[in-house]
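Look for chain A in each of the two complexes below; its partner is chain B in the first and chain C in the second.
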Partner chain A sequence: MFTMTGLLALGAGVAWLVLQPDILATYHYNQYVIAVTHLFVLGWICTVVMGAMYQLVPVALETRLYSERLARWQFAFHVVGFVGMVWMFRVWNMTQLAHFGSVFAFGVVLFVYNMARTLRRVPKWNITATAVTAALVWLSLAITAGLSIAAAKCDYESAMEQSPPAFVVVMLHGLQSVGGFVAHFDPMSAMHAHAHLGGVGCFTMLIVGVSYKLIPMFTLSELQSRRRTAWSVALLNIGLAGSFVTILRRSPLKPAFALVVVAALAVYGWELRAILRARKRRVLDWGIKYFLTAIMLLWPLSVLAVVLSWPGLPLNKFTGQLENLYGFLGLIGVITFAIIGMSYKIIPFLVWFGRYSRQIGRARVPSLADLYSARLQALGYWTWLAGLAATSGAIVLSSATGVRIGCGFLALGVAALALNVGRMLAHFFKPAFQPFTLPTSTTPKTA
Partner chain B sequence: MTTNEITEEAILETLRQVVDPELGCNIVDLGLVYSVAITGKKVTVVMTLTTAGCPMHESIRRGAQNALLNLSGVEEAEVQVVWDPPWQPSMMTEFGRNATGAGTF
Partner chain C sequence: MNNKTVTVDVRDDIRGGREPFSRIMNAAAALQANERLLLIAPFEPVPMFRVLEKQGFVHTGKATASGDWEILFTRRPETQPMKAALAEVPKNPRHGAASGPAQVVEVDARGLEPPQPLVKILESVAALPAGAELRACTDRRPMHLYAQLKERGFAAVTEEQPDGTFLTHIRRH
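Coming up: the complex of A and B.
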């Protein structure tokens, strides 16, 4: 459910950019950019990441999910919340946005609670558990910051005039106070700080932490330095905390903390390289290639981050487009590439586990690689890469036509992914069992 | 009267039906099966997996057990998963190396 919803949101987001490409070719502080960004972040990234975490965290940390029922409830709040939020951003109705945002936030509370109770059961605490915990904290802060920004834009007078019940009055006064506090900060800075909490704190932290478990598993390797893994996660936390405060306050110390985040990612890259060099499985499949491409894209993204954090950088049309490029490369480049790569490892496993794990040894069952098409994976990879390159160039040049062409390639990438996911899920309805052939070499013995 | 004698060859042939889904190769040619012991109608197999903490651990172990119980003459099958010695790519047969793709390991 989470995967299919996420894919629908990805398709809708890319289609939106094809139909309205000018929103990436102009400065990003407008309702359409914010709406489409939340469609990608909440509808695509958050949905798929949450669904994957429900399945993966118990497997990766060798425990059980605390409650599947809570996960189902969260899904309902999540979908209603993000669809409403995207729509209200689009029509710029801040009051309704806050309502849908609260529905979404309630879902996040259920998610975080479920994950926290699951983490409490982890028998052996490790770097992945630490990173997942940090990501949950940053996610909670990102949602709180987002709601606070929305609270600062709301009008409370009309609600007060309707003589609401006492508890609503208390709540409205509370929101007014939060809104008043947030209003002290520059709205752009608050929005950028909020975006970094989600993008770096939650999603990048998860990429780092979860890959420390999955990449060695998929490439038949091992962690090479526990000290490096600890430093990468610690530096990422320190850099993000500092970045949040310095971005919010437009402090000249912004580049210093941006460099701390870059240092964290460099240490992460160092360890990842060591893991891959020690791997026993030489050839990398497409899932891992997608993931490693995402990691390589952290280089240009880090350069952009340091440049954009520089104090005194003039805010003109060009730097505005560089900010668009930064967000686009982060969400559609790094995070989406990483998610697609990991999806090509996780979805086949889940399908195989659900459909074939009980049949192994009783019938011949397909391997994971038999569940999807490697050609479609390759097609998706190259069209996504071409789409990223073309759209990035078009964003810098403020070319709406270029954005449309680039996003056309991205749409092809989404189609390839959707076809492959459909192929995998089809095994639930049409399994590919083959007869189990017993050996004929048992020696008949005549007594 | 005709009975079937369980042989090590038959057991290995049976275990070749059990494929590691991630690697797409059977557990015998991957070199995961360390030893086979036959005691009357009971078969004990000692095997390993390519990586500790593998989420397929229980599926593959149970798959091997199911396969053995399908074998004529086997009434009891025990499959023990051990981590010492750790699996190495060099433990694969030539068939295993070919099945996983030339140069894969």
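Coming up: the complex of A and C.
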């Protein structure tokens, strides 16, 4: 459910950019950019990541999910919340946005509670558990910051005039106080600080922490240095905490903390390289190639981060477009590419396990690779890469036509992914196992 | 050397929808050094080739005029009889079994990408002789395995080893 919803949101987001390419070709502080960004972040990335965490965290950390029922409830709040939020951003109705934001936030509370109770059962704490815990904390702070920003944009006078019940008055006074506090900060800085809490604190942290478990598993390798893994997660936490405060306060120390985050990612890349060098499985499949390409994109993203954090950087049309490029490369380049790569490892396994696990040892079951098309994977990879390159160039040049062409390539990439997911899901309706009771040959065989 | 042939006809089992694995594997496990196994099945039992090959058997086969298959499994000269290959060890007290030796089949599922360890272990479980214990060695705790084993009537206990691998003891309930 989470994966399918996420894929729908990804398709809708890319289609939106094809239809309205000026969203990326103009400066990003407008309702459409914020709406489409939340469609990608909450609808696509958050949905798929949450669904994957419900499946992966218990397996990777050798425990059981605390409650599947809570997960189902969260899904309902999540979908209603993010769809409403995107719509209200689009029409710029801040009051209704706050309402849908609260619904979404309640879903996040259920998610964080479910994950926290699951983490409490982990028998052996490791770096992945630490990173997942940190990501949950940053996610909670990102949601709190987002709601606070929305509270600062709301008008409470009309609600007060209707003589609401006492508890509502208390709540409205609380929201007014939060709004008043957030109003002390520059709105752009508050928005950027909020975005980094989610993008770096939650999603990048999860990519780092979970890959320390999954990459050795899928490439038949092992962690090479526990000290490096610990440093990468610690530096990421320190760098993000510092970045949040310095971005919010427009502090000249912004580059220092940006460099701490870059150092964290460099240590992560160092360890990842060592893991890959020690791998027993020499051939890398497309899922891993997608993921590693995403990690390579951290290089240009890091350079952009340091440049944009420079205190003396003037805000003009060009640097505004560089900010657009930074957000685009971060969300659609690094995070989305990494998620698609991991999805090509996780979705086939979930379908295979759900459909064929009962037949293992009783019938001949297909392998994971039989569930999808490697050609479609390759097509999706190259079209996504072409789309990233073309759209990035077009963003820098403020070319709406270029953005449309680039996002057209991205749409092809989404179509390839959707076709492959369709092929996988088709196994639920048309299984490919061969019962042992079927004759396999009619000609005599002598071994 | 005059080899005695033990015949196992599983045609009725398969037509009746019954699982023939345990019967075949019990017969294979009971073979003496000078005995061979003739398997009669309504189709070419390709999956058994792989399973019994791992136990040290080679096979020859042919289709009969009726369309059934007769496969003759003979132990490779260099291999020991299966009973000898199965270690005689005390039963694991955590399984609550009575005292006395039990057969142990060992499966090394290390160095495999998921889900191959799961496949390898469940295929071996399907061929596990009655009363035997399967010991599976894996790189990670086999979290997806337990529900499958329970559904098939097996119990499992996993121990982490000093080298970081995991040893899972599997027995029928």
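The rule is short, and it goes like this: the second predicted complex is superposed on the first by the 435 of 447 C-alpha atoms of A that agree within 3 Å, B and C clash if a C-alpha of one lies under 4 Å from a C-alpha of the other, contacts with A are read in each partner's own complex, and residues count from 1 in each chain.
Methods note: a contact is a pair of C-beta atoms (placed from the backbone, for glycine too) under 8 Å apart; a residue touches a chain by one contact, two chains touch by 3 or more.
For clarity, every value in this text was computed on a predicted model and none was experimentally measured.
Novice: With the two structures laid over each other on chain A, which partner does A:G312 touch: chain B (first), chain C (second), both, or neither?
Specialist: neither
Novice: State whether A:R282 touches chain B only (first), chain C only (second), both chains, or neither.
Specialist: first
Novice: Scan A:P165 for contacts with chain B and chain C and give back first, second, both or neither.
Specialist: Neither chain B nor chain C is touched by A:P165.
Novice: Is A:V365 in contact with chain B, with chain C, with both, or with neither (first, second, both, neither)?
Specialist: Both chain B and chain C are touched by A:V365.
Novice: Counting only touches as set out at the top, which of chain B and chain C does A:V59 meet: first, second, both, neither?
Specialist: Both: A:V59 reaches chain B and chain C.
Novice: What part of chain A is shared between its chain B contacts and its chain C contacts?
Specialist: Residues 59, 62, 217-218, 220, 280-281, 349, 352-353, 357, 360-362, 364-365, 368, 436-439, 441-447 of chain A touch both chain B and chain C.
Novice: Show which residues of chain A lie in contact with chain B when the two form their complex.
Specialist: It is residues 59, 62, 216-218, 220, 280-283, 349, 352-353, 356-357, 360-362, 364-370, 436-439, 441-447 of chain A that touch chain B.
Novice: Which residues of chain B touch chain A in their complex?
Specialist: So the residues of chain B touching chain A come out as 1-7, 9-10, 13-14, 17-24, 50-51, 53-56, 59-60, 62-68, 70-73, 88-89, 101, 103-105.
Novice: List the residues on chain C that touch chain A in their complex, please.
Specialist: 14, 19, 21, 42-47, 49, 58-63, 67, 111-115, 118-119, 122-127, 140-141, 143-144, 148, 151
Novice: Touching residues of chain A toward chain C in the complex: what are they?
Specialist: 58-59, 62, 217-218, 220, 280-281, 349, 352-353, 357-358, 360-362, 364-365, 368, 436-447
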